[in-house]
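Single-structure report; data block below.
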Amino acid sequence: MENIIIDYKEKPDLKDPILIEGLPGVGNVGKLAAEHIIETLEAVEFASIYSKFFPPQVLIDDEGVARLVSNKLYYSIAKENEKNDMIFLVGDYQGLTPEGQYELSSVILDMLEEFGGKRVITLGGWGIGNVVKEPRILGAATNAKMVEEMKGHGVIFSKDEPGNGIVGASGLLLGLGELKGMEGVCLMGETSGFFIDPNSAMFIVKILAKILGRDINVDGLAKKSEEMDAVTAKLKEMDEMPEPNKEDLRYIG
Amino acid sequence: MENIIIDYKEKPDLKDPILIEGLPGVGNVGKLAAEHIIETLEAVEFASIYSKFFPPQVLIDDEGVARLVSNKLYYSIAKENEKNDMIFLVGDYQGLTPEGQYELSSVILDMLEEFGGKRVITLGGWGIGNVVKEPRILGAATNAKMVEEMKGHGVIFSKDEPGNGIVGASGLLLGLGELKGMEGVCLMGETSGFFIDPNSAMFIVKILAKILGRDINVDGLAKKSEEMDAVTAKLKEMDEMPEPNKEDLRYIG
Amino acid sequence: MENIIIDYKEKPDLKDPILIEGLPGVGNVGKLAAEHIIETLEAVEFASIYSKFFPPQVLIDDEGVARLVSNKLYYSIAKENEKNDMIFLVGDYQGLTPEGQYELSSVILDMLEEFGGKRVITLGGWGIGNVVKEPRILGAATNAKMVEEMKGHGVIFSKDEPGNGIVGASGLLLGLGELKGMEGVCLMGETSGFFIDPNSAMFIVKILAKILGRDINVDGLAKKSEEMDAVTAKLKEMDEMPEPNKEDLRYIG
Amino acid sequence: MENIIIDYKEKPDLKDPILIEGLPGVGNVGKLAAEHIIETLEAVEFASIYSKFFPPQVLIDDEGVARLVSNKLYYSIAKENEKNDMIFLVGDYQGLTPEGQYELSSVILDMLEEFGGKRVITLGGWGIGNVVKEPRILGAATNAKMVEEMKGHGVIFSKDEPGNGIVGASGLLLGLGELKGMEGVCLMGETSGFFIDPNSAMFIVKILAKILGRDINVDGLAKKSEEMDAVTAKLKEMDEMPEPNKEDLRYIG
């Protein structure tokens, strides 16, 4: 079989589309953000990506139907007062090996080129080890001009954050994209790294809406964030409760 | 050398054959079931599969003869009152790497296509952590129609079982098969996950006989199951026995 | 670069040569045996094998000269009263990955075919966990006729020894060789598995001399074996000595 | 994508250039030495090497600009009274896998051949487990004549140092180079193995200057070395300080 198969349902006619990547990663921040926008903008699925670089696995839905693990491509056409058509890349997994990661990112950039795209925005989380209510959105871009543009939208560029660079699709789509003459930015929402983080995703979507010149409702993520808060509050409470019967046990021991 | 070699003894003339996979896995449930049917139906070996994705190893039989690890293909021709010809896939190992797993499943589906097959049934175990006398047979299928068909034969489709999907050949043959326009189902017998489980295999064979419209005697598996019960009962007994001479040792210490 | 490079110094004219493999393995039994025969028969090096499946490493000799890790091929021409020309395969490493192991064995068998060879003898150790003075030489062959032939030379074929088959070049050269219509045997000298074992290698050479119909002096291995015995005796002695000051320490504690 | 991409800014006209490799390794001795010479001689960057054998990662500079991890090639033209043009190989990473290491070294030697080069000097550290003020520079060369030449410049060739040979690019560029008819030497500066070691790098540069017949100022490395000494002295001091409140804590416990 081919290393990577892009299975098209449709080849949409797109005008200068921006690629927005939100694959699984730290806190699933990028994935939550991209999936939210796809849902809110009613973006249209147009292709599935299968690859031997993904795990050898099928997933099963609630009706018992199995499907091969994949990445998916969606598009959203800009309305009159909006700036850009968009392609979204989301999915179950990133490539399992470094070589697989390079191959997948390279094939996805070829796809973007075919649709006339020249810009990439990758979304991710940046694990900082503690919970923050108002996460900063950190950035890294492929050139100084784009750094300035992103600062204008409130993206933070901070020396040594993140210190080790960006690993995986969010990094490679920028790095390999630049070799193809594309430009791009990675937006990283601060997140604890312990839980999936819809709050950090919400802050990413807010800033992304400004960058894209699109109005994107964030109510869905706000609600998911409240639900997560309830869960973590509960967990914290349980943690702080005195252990039951500790006194009594002492008398037995 | 080629990545995968299918070495044919014979190219049988098959009519719309169903592929039945039973490679090693949890409790060896699928392997035991498939090997039992091959023996009972006196299916005919027609090809060996060798691959650099298998371990670099030969196995030695009781006479001292070594043979390269492999998968094997068998066929069974339907009798007049029976529905389908069948191809069985069994063997020593699954592919060692994710990429190898994809390659092997892909090549096997090409083989099935060549013989005019359009249907895949994969067999496996689902580890639940405790012993069950009457294991349920859980299923996952490639489309809703097949889910309904299988429910009619007593296969259980249960939300979140198994929660992580299906990994390995039992999953890939369905997932990759669907991309080729085939349909399929995976039958998973509940099993403890601690022992090989001929009892679970027997329950799979019973349901598979109904699906295939074939009469398949299960006496062999029933007997193996009783033998396993005797072994595990013995082990349990030994575990519950007081440790010998514990009293005496105390005086020495 | 190519996956595997066979760099020939010379392409000797060989008559029906037997391939004898002695690569590193358990107790280095095969390696010691093959290297001893090469030295004793003054076999001639005719090719080096380099491969990206070996470690990325150079070794340095006592004069400070570095050379890339490799396998080496030697040949020995039969004298009038002797039966077969021989090719020896020895070297620094086996392939690092299963796929590399398959590729290397396959290329080596192609080489043997090119020189008109049809027979393979692989040498190895079989770790049994304790030291034996008179190790048995166990065997596994590619067909029943060869099993009988080898029994005639004193090779032991014992059910379930070794139980897991043979892993690595010693197994693959037989298994893949058989697919090419070659026949072969693996000779495994019992060995503790804790030390390199020239004694076990000596017993292999004795039996191999009979199989090959060649007179091979084993004095070198006998001497190395005595040296090893002296070393292990020393180690054992040190182990059995009372720990110094144990009494005294008791008073301090 | 291709496995390895050499992206040339410029194809300089070089006369019999020597390749000098200083990739990351033990104590980063080779990397520090090569980067120092590049800076001091104002060598000119002429190509970037990208590869799927590197980690799937971008690094971010202080201004927030991301770039794909890479190796870089620089050249330096000899002045009238100097002997050789030089090509320097430095970078973020070595190949992640053995196969990747072979591929990368092979492609780099093809590049050297294209520029007419026949000589390779690789730089590295040799971890000895303790700090040395006056590290020896150990060597391994591809032939006895080059060993003699290097001894003349003060390089030490010492039996069994390093005992396991040389792993990675510093070894492979010699080993694979020799297969292409090139000659080479690896210079290894003694280093503790615990810290990056500019002092060891300085001793390498001093000896390399003699080998190359070039005047290379080492002030920069001398200064870095002093800074490192200050840091390690501080660490040692902290280590030797009595633990605070140990006395007091005893009374509480």
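List of remarks:
Chains: A, B, C and D, in written order; residue numbering restarts at 1 for each.
In the analysis below, a residue touches a chain if its C-beta (ideal position, glycine included) is under 8 Å from a C-beta of that chain, and two chains touch if they have at least 3 such contacts.
Keep in mind it's a predicted model, so treat the numbers as computed, not measured.
The angle of the rotation carrying subunit A onto subunit D, fitted on C-alpha atoms and rounded to the nearest 5, is 90°. Looking at which positions face the partner, subunit B and subunit C present mostly different ones, since fewer than half of the interface numbers are shared. Between the CA-based centres of subunit C and subunit D the separation comes to 38 Å, rounded to the whole angstrom. We define each chain's centre as the mean of its Cα atoms; on that basis subunit B and subunit D are separated by 53 Å.
Looking at subunit C, no residue sits in touch with two or more other chains.
A list of each chain pair in contact follows: A-B, A-D, B-C, C-D. Residue ranges on subunit A touching subunit D, taken from their complex, read 95, 98-99, 101-103, 105-106, 139-144, 147, 157-159, 162, 164-169, 171-172, 174-176, 178-179, 186. Of all residues in subunit D, those touching subunit A in their complex are 1, 5, 7, 50, 52-60, 62-69, 96.
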